[in-house]
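Look at the two complexes coming up: subunit A is in both, with subunit B in one and subunit C in the other.
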Partner chain A sequence: MEFLSYFGGVFEPVSLMLLIGGTIGGLILGATPGLSPTMAVALLIPFTFHLQPTQGLILLGAAYTSTVAGGAVSAILLKIPGAPANIATALDGNEMAKRGEGARALQLSFLSSGVGGVIGVLLLIFLTPVLAKWALQFGPSHLFWIAILGVTVIGSLDSKSFVKGLLSGCIGLWLSQIGYDEIQGTERFIFTDALTGGIHIIPALIGLFAIPQVLDMLAKGRNPQTIASLDVPKYSFLDSVREMIGSIRALSIGTTIGSIIGLIPGVGGQIAGLVAYDQARKFSPDRNKFGTGHSEGVIAAESANNAMVGPSLVPLLTLSIPGSPTAAVLLGGLLIHGIFPGSDIFQKHPEVVWTFINSMLIGQILMVIFGIYTAAWAAKIAKAPMPVMAAGVLVLALFGSYSVQQSMGDVHIMLALGVGMFVLQKFGFSAAPLVLGLILGPIAGDYFTNGSMIAAAQDGPWVYFFTGPLNIILIALVIASIVYSFWSNMLQGSGKTEATGEAAQ
Partner chain B sequence: MKTILKSALLSVAALTLTAGTAPAADYPDRPIGVAVSYGAGGATDFQARIVTMVAGNEDILGQPMYIVNKPGAGGRKGWNWFATEAEADGYMLSAYNIPHFIAQSIKGGVKYSADSFEPIANWGSDPAVVVVGKDSKFNSMADLIAFAKENPGKTTTSGAGLFVGHHIAALQIEKACACKIAYIPTKGGGAAAMKAVIAGEVMAGVNNLSDAFRAREAGNVKILGVADLERNEFLPDVPTMKEAGLDVDNSSVNFRGLMVKKGTPQEVIDKLAAQVPLMFENARVVKRMKAGGSPMKVMTRDEVKAMWAQRQATLAELLKGL
Partner chain C sequence: MTQSRLQHLIPGALILLLAAVVTWLSFTQQPAESFLFPRVISIAFIGLAIWNFARAALGLARVGGGISPQIAMNILPGLVIMFVYVFWAAKALGFYTASIIAFFAVYSLYDPVPFSSVKDWIKRAMVTAAFMAVIYGLFFMLLQVQTPRGMFF
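Moving on, here comes the complex of A and B:
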């Protein structure tokens, strides 16, 4: 309960101002496609030079929490995830918005982000010493199996057809192999300079989600008959609260999975939302409603990606090992103020660390409040006429993909992927499995090569990848997931084919 | 749309042209970019942001410097871009990492070599060290080498990628002990390589002195040796490789500094070479670098030139057989 005595620091005038400013700024940055949490935090670090260590960290912590949640706004209203963490939110959230339930989706997403986030930070407060040891258990072989577990859900993600889902997942896996392989020292599929570093996930995300939207809007042209302007009527906040409490299953699945994935260094929060979404669907009696604008989908995805924030700092604070790219940037923010993370950080700098953690806790609550305000405001933007909207999204898409690495090559990649995806969508392919392939490809590939190299120096790959309790548990999960996919597709196979047939007509 | 785009591009081009022809005597009359070939938040980016923060002071350059991150392919993407696309007008500098870019250019497949760039000044040096987990049975370089000799190719040793300082150090150790270790490059930089050591996934690791120092303070690792010519002030108790009986020099030390593209006007180079070391020695910069545990070593243009030439020779020799 030591942390309670450091709450005072959060409520000092300057700290509170930074916390509020960081939260609002983070929400806006997060809602802008292309500005990922990692970038938002990196951009803020120079500002912290002029602040006290505690104040600097409060700003960074607030920005981290709220950018993750802010990405849901564009995911829901425009089907353009602000960051990889929000992909799963877009699947059901956007369908809800199309039905005129945008306000409900936004409120649910911020509420569940808040709940997940608070639980995640509480885990960080109470279980850090235990969890730190646990997080280190995951070596290359385990991370490889986790990535494969992710691959097994590709086929059933947001696709009318299992085969088309698998195919677009494979395209994603292939795209992920492009570039210079830093482990093997070889180049793959590099035809132009822009591809030397591979396809960066943010431009890819913008291209795959935003460009088909823009083209769709433009293709509908000026015909008033086909223009379905997005209407976001008001929705009772209390009803949202009630609905969220009612969806306790989705909420707890999301929070649990988000916390576990956040804890494992090297996997990162990118897949937390997607994995939680998939699990929530498997355990839901209404699993067929997922993908059609089902609120549980939004709740699971958003609670997961914010629950990840707290635990992802466990390895950073206790072992000085950043578990995600954003944590790596935060490490820089700590070091610059002379704070070296390590197992004794809670003894050496209690005032800094506890104030930082407490500010994240308060930050989660502020994020919910301001998020819901922003949501009402963002809803007005969504009412903009279609051509204006298309132009606006296009500008954001170009700006966002350029700004990630200040590279025109990324803009070209973004446009090429976008046009390609527009064509694929006409044939019933979906962007979500493709992005999942793109994210999981390097994780699976790199940890496989890394593990194989270690295995070659030890007892060989069979022993290394297939023995040990953790490997066996993960393999069992992989098998269960594959069996489940086949079983559910066999059972619902006939129904699904009809649905696709209708869509094609 | 097309005409708008065209006129916009033309006006941008016109702007750059007028700016490009500004006399070098007025240099610098606008902010200066610094390209960093690694991502935001990495050690190079982190340090570059600190050492350039006082560029705008009237007694330094009078114009601020801003960081442009061009990460990818272990730095290749950024340096390729700098060598082929950046303007040689002094308004776009780049951070260099030695031995990385020289080793990469020797291996080939990139569009630059040491001759493509002109060094300005060096700000930091981070030697590679050999680390093992805190419970490891190895207590000295001698223990580690003895094991490697008995078990060729079994000593798994992590490091941050290929042809970076860590890899060079591992190669030099292998050459010096005439034994074979299993170098495991990890993706995710020094942090991922350090994690592999702490978690016991590998038996040993080569890592940055600054990161290893922190990991040791936190009680997670033992440091067996430092690949430098002298003991380091941060680690006075850790022997150099030479002291441990291995013929390993300082070729793997990670030097960081600023450079411009070849073809930059001489007056601009002279001005930068005179002012940039002052910027690195600024009291505020030194204080921040020290707080961050980043070892500094300010070297002038001539010293860096000599260091580059020497690295070029050593690395060409070392990498010949690979």
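Moving on, here comes the complex of A and C:
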């Protein structure tokens, strides 16, 4: 119950203000089609650079939580999921809104998000220290394999093509090696002066997530399409609470599936929402009503995608393996504040980590309150014209990447990586494994170097890196993640995979 | 050769070339100790790049729709604005001036509303001014980020 002693930090004026601001901002960004939660968190990281670590993480945690929930607003009112995690929500939520039950759908969506989110964060609170204690047994060789596992899992699971996913991870690992090698005092892969200091994680994150989205918006050209929003007549909040309690089966299924999927590195909210929706339908006596505006569909999908948030941070905080692409960006946020996730994180930074986790718990409650009262307003902002959003994100990307080190080189790297990522994405490559390679590369490199030194003094690198039960288990997991992805690609057929992936976009 | 296969073959070849350069540099640069980990990465990198290229050459690479001429034409003006903005204007004209021009240019070029309406030009100018006021307040006044001033501000 150590976490209880750190609740005070959340209620400090600046922290509380950031929590509320991050929650409202996240709800609006989440509700805006075309702005993904991952990009929203990436754009926020430069602001945290000017804050205390705890405050910065509170802001990022609030944004992470509320962008996922905010995506339900546009899914319900506009039938455009704000994020891939809200695809399942749109199926029944929009049908309800068409019947004039938009307010009911929104209230159920935020209430179930809140319940799922709180249970997810409680899992984070109770599971993380246990896993962290277990991780204390790890030496450099194990930590090296864990970093590699992080890249292969995300590379395998977050991509439509596993070869391209792993290639993205390799490109990220290579990019992380550019710059000055501090141990040997030599330069590596420096082709231009802008690369002398290596690739800083923040401009890279902004470039890799924001610029491809700007270009995706511009790719639609001068599109005169208008988004039709539905009216939201008022609905009794207490009736929504009663209805949610009455739908305990859908809520339990969503929360359980979301929590389990969150713990699996790399899977993310999209899968959580869709799997929970599917299972809630199978177990429901009213399964034929699903897809026609059935409230259980909204409850299952939204409780699942928010229940995933907390558990996705368990492997992140203890093993440096993010549970979702947004968690990978959050890992970047932790690293720039000098917080290295691992077995000793609760010994070295208890105040920062527990205050951050507690803020996520409070953030879930705030998200329900603000979500319900700002949903209609957020939907109006979500209809901001595409060119305004594209231009706004471009300018924010420039200022955000410059503000970190006051370096034009960072801005140039940001744009070059962003345009390169846009091209790669069009050919089936994914940003998440590349980012993870970039973030985990230095960690894996350091453990590899340390391990090599220990190995030289002992039985050699082969014995040190490839023998011992933990090494073998981790290598088996690396291979299993690759084989599983290869097998599922073969099973589904690339055509079907592509279609599913594009629908998810 | 189909257009789809050619579309995948070109990036496949470029990535293979990059992987080859990385591998060559990793194994030839000194001191060797500094390039131990890059060597490990480069082996996986070139192996996967060969696999990816072979799939593209055999017409098996189907994931990703590529860049159609329509998409290329649509993004081209925006891309030109981005590059001029980031590589020249931001430093030469000053961050805020360049940002006002870039925001207004992207907004105007991609706004589906006809260019003939004076009312819409005023609307675009006002949205640009409002957005830049927020950026100024956030970065200059709140975070106190010192940006290149260039010729203007």
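The definition used in the following text is that the second predicted complex is superposed on the first by the 272 of 505 C-alpha atoms of A that agree within 3 Å, B and C clash if a C-alpha of one lies under 4 Å from a C-alpha of the other, contacts with A are read in each partner's own complex, and residues count from 1 in each chain.
In this text, a contact is a pair of C-beta atoms (placed from the backbone, for glycine too) under 8 Å apart; a residue touches a chain by one contact, two chains touch by 3 or more.
These figures come from a predicted structure and were not determined experimentally.
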Worksheet item: Between subunit B (first) and subunit C (second), which does A:Gln406 come into contact with in this model arrangement: first, second, both, or neither?
Response: both
Practice prompt. Mind working out whether A:Gln177 is in touch with subunit B, subunit C, both or neither, as first, second, both or neither?
Written response: second
Worksheet item: Looking at subunit A, does subunit C or subunit B touch more of its residues?
Response: C
Discussion item. Going by the contact rule set out at the top, does A:Leu319 touch subunit B (first), subunit C (second), both, or neither?
Written reply: first
Fill in: Touched partner set for A:Asp239, first subunit B, second subunit C, both or neither
neither
Discussion item. So in the superposed three-chain picture, is A:Asp286 touching just subunit B, just subunit C, both, or none of them (first/second/both/neither)?
Written reply: neither
Discussion item. Taking the superposition on A as described, I'd like to know which of subunit B and subunit C A:Asp193 touches: first, second, both or neither.
Written reply: first
Worksheet entry | Partner chain in contact with A:Ala457 - subunit B first, subunit C second, else both or neither | first
Discussion item. Taking the superposition on A as described, I'd like to know which of subunit B and subunit C A:Val395 touches: first, second, both or neither.
Written reply: second
Worksheet item: So, A:Met386: does it touch subunit B (first), subunit C (second), both, or neither?
Response: second
Response to the item:
Residue overlap on subunit A between the subunit B interface and the subunit C interface 183, 406
Worksheet item: Contact residues on subunit B for subunit A in the complex?
Response: 39-42, 45-46, 49-50, 53, 68-74, 76-77, 80-81, 84, 107, 109, 153-156, 161-163, 182, 184-188, 191-192, 194-196, 198-199, 201-202, 211, 214-215, 217-220, 288, 291-293
Response to the item:
Contacts from subunit C onto subunit A in the complex sit at residues 7-8, 11, 15, 18-19, 22, 25, 29-31, 33-38, 40-42, 44-45, 48-49, 51-52, 55, 60-67, 70-71, 73-75, 78-79, 82-83, 85-87, 90-91, 95, 99, 102-104, 106-112, 127, 131-132, 135, 138-139, 143, 145-148
Item to complete: Provide the residue numbers of subunit A that touch subunit B in the complex, in ascending order.
Response: 38-39, 41-43, 45-46, 49, 136-137, 139-140, 179-180, 182-183, 185, 187, 193, 196-198, 200, 265-266, 315, 319-322, 325, 328-329, 331-332, 335-338, 340-344, 405-407, 442, 446, 450, 453-454, 456-458
Discussion item. If we count contacts the way the header does, which residues on subunit A are in touch with subunit C in the complex?
Written reply: 47, 50, 160-161, 163-164, 166-167, 170-171, 173-174, 177, 181, 183-184, 186, 188-189, 211, 214-215, 217-225, 385-388, 390-392, 394-396, 398-399, 402-403, 406, 408, 411-412, 414-415, 419, 423-429, 441, 444-445, 448-449, 452, 494-495, 497-498, 501-502
